[in-house]
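Below: a set of structures, written as structure tokens.
Shared between the two complexes below is chain A, which pairs with chain B and chain C, respectively.
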Partner chain A sequence: MIVCVAVVGHQNNPLYIQSFTEADDALKLHHIVHCSLDVVDERVNNPKKTGPLLNETFLGLLYPIENFKVYGYLTNTKVKFILVTTDLDVKDADVRNFFRRFHAAYVDAVSNPFHVPGKKITSRTFAERVSTIVKSFGLSSAV
Partner chain B sequence: MIGVGKMKQYTNVLDKPLTKGKQEVSLSAFAFLFSELVQYNQTQVDNIGELERRLEDAGYAVGARVLELLCHRDKGNRRETRLLGILSFVHSTVWKVLFGKVADSLEKGTEHEDEYMISEKELLVNRFISIPKDMGTFNCGAFVAGIVRGVLDGAGFPAVVTAHFVPVDGQQRPRTTILIKFAEEVLHREARLG
Partner chain C sequence: MVREVSESCLDNLLTEVVSCYCNRFYPNKHDLAARRIEAIGYQVGHQLSERYTMERPRFNDHLEAIKFICKDFWLELFKKHIDNLRTNHRGTFVLQDNKFCWLAHMSIDPLADSSKSADGSASPTAGNKATHAMKMHLYFPCGILRGFLSNLGILCAVSADILTLPTCAFTIRIKA
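Moving on, here comes the complex of A and B:
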């Protein structure tokens, strides 16, 4: 079950945060996303020699916290996508697929000439597409 | 994106393959739009420097979006961290998508370490434009310079990019050169990466 997705700009400013559970405290999710930014920076600045290459976009599992797992993805313009999920058995391929579609939706939202880079993403279409992707992620990994 | 599309002639329209949609925009449509852009900006400013800056800002917005789009579409999942990498990306991939061909040449400047030049015999945006004598060295290629600056900035290589005319013997119209001057930090980082 995906709990929350977030898009963070290249100066670590939040561009889009959306949570998909009713019960959880939104503030706690914001806090988790914020903490994961440190992990992303650490991964980018000190690449593990055996880990992903220096210029790989998918960062993988960043860190587990309580009963959540946090996945990260870094685009070419230092924009980060953060995914928080409560699933225990998440396949790597599923998460990569999710981020690929999320990236496509993000690129479409940014191509909007009225969107100011650095400001929050206010497009309703983007929000709908993200909800669709999130719903289908839940289904594919349940099978 | 801009170019001449040639369609194979099919005898039966049902035999035509389903297209992905046209990837190209007609050159004349773009030329009209660009001329309107230049004219609109011309009425808003008093001097040439301001006009060049406005065109460059317009190009900057395009460049930022082109970078996002291309990195998602073509580059798979690689992020450019090296100077030569990003320059060759601009020189080939970006030019191919925008103008339908790779840029004519990419050179390293001789006087300074941080200067690189991309030259083009005739910039597509300048094809239907002739600059009146009293505008001096104004070049509508400032739009393209803005695009390059947008791409470099988004990828983390801050630079100052300008467009210049370079007269060439044997040709009536001068060649256009886009001069890219990288910021200090880019060179330091490049030196550190080895």
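Moving on, here comes the complex of A and C:
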């Protein structure tokens, strides 16, 4: 189950953070997202030979913490998407699919002429699309 | 080749934008009008860069980004490639388009040319005015290029020259 998704701009400024748990640990999730930014920078600057290629957008599993797994994705415009999930058996293809749909929703939100680049995304449509994508995450693998 | 309605709409809109900014909003301040038009282009380029770099892996260096502009980006915007790319390998790139579609329907008034032989002093201003008017139409695509590159993290200055209608060249100077 996905507990949190975040969009972080190229100056590490948060553009959108949304948690999907009823528990009141939003602060802890924000902290996890913040720590993962360092890991993203490290992955991009020092590519591991066995890991993904240097210029691929999907960065894979960044690091496991407590009972969460954190996945990262870096776009061409240096915008980072962070995904925090509690699922134990997450398939790579599912996460890639998730990020692809999330990226499409993000591009549509940023193309809004009333959106100011660098400020938080306040579009309700974007929030709804994200919650739809989050709900359908992992359901296809159950079939 | 079939021409889409939206292409004609965009052509007319851009012509009207330039005319509005130059004649109505900032009547004698052409620099200010040019900067405003370029800023509109900047925002458009910013947003287009998110959309068109979505499917691609990240660029390794500036040259790859410029080559992407010449091939894929220009193809998406104008249904053709850039015809000629030159670089001095020190941060300056010149992109030449031999038939830039937003200049394709423009022409210089032939009366201005014929008055060249009659009155030498009047024609340079008439010819200059025409080139100046056409140059105003190039600020928007310059803004698009600058916005596109700046969203990729490449700060640059973009300027355009008209060689012979409808050929034009965009010069991108990357700030080191």
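Throughout what follows, the second predicted complex is superposed on the first by the 138 of 143 C-alpha atoms of A that agree within 3 Å, B and C clash if a C-alpha of one lies under 4 Å from a C-alpha of the other, contacts with A are read in each partner's own complex, and residues count from 1 in each chain.
In this section, a residue touches a chain if its C-beta (ideal position, glycine included) is under 8 Å from a C-beta of that chain, and two chains touch if they have at least 3 such contacts.
Quantities reported herein were computed from a predicted structural model and do not represent experimental measurements.
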Fit-or-clash call for chain B and chain C when the two complexes are aligned on chain A: clash
Partner chain(s) touched by A:77 [first = chain B, second = chain C, both, neither]: both
Touched partner set for A:97, first chain B, second chain C, both or neither: neither
Chain C-contacting residues of chain A that also contact chain B: 10, 54-57, 74-78, 103-104, 106-107, 110-111, 113, 117
In the complex with chain C, residue positions of chain A that touch it: 10, 53-57, 74-78, 103-104, 106-107, 110-111, 113, 117
Chain A-touching residues of chain C, taken from the complex the two chains share: 43, 46-47, 49-51, 53-54, 56-60, 151-153
Of chain A, residues touching chain B in the complex: 10, 54-58, 74-78, 103-104, 106-107, 110-111, 113, 117
Chain B residues within the chain A interface of the complex: 61, 64-65, 67-69, 71-73, 75, 77-81, 154-156
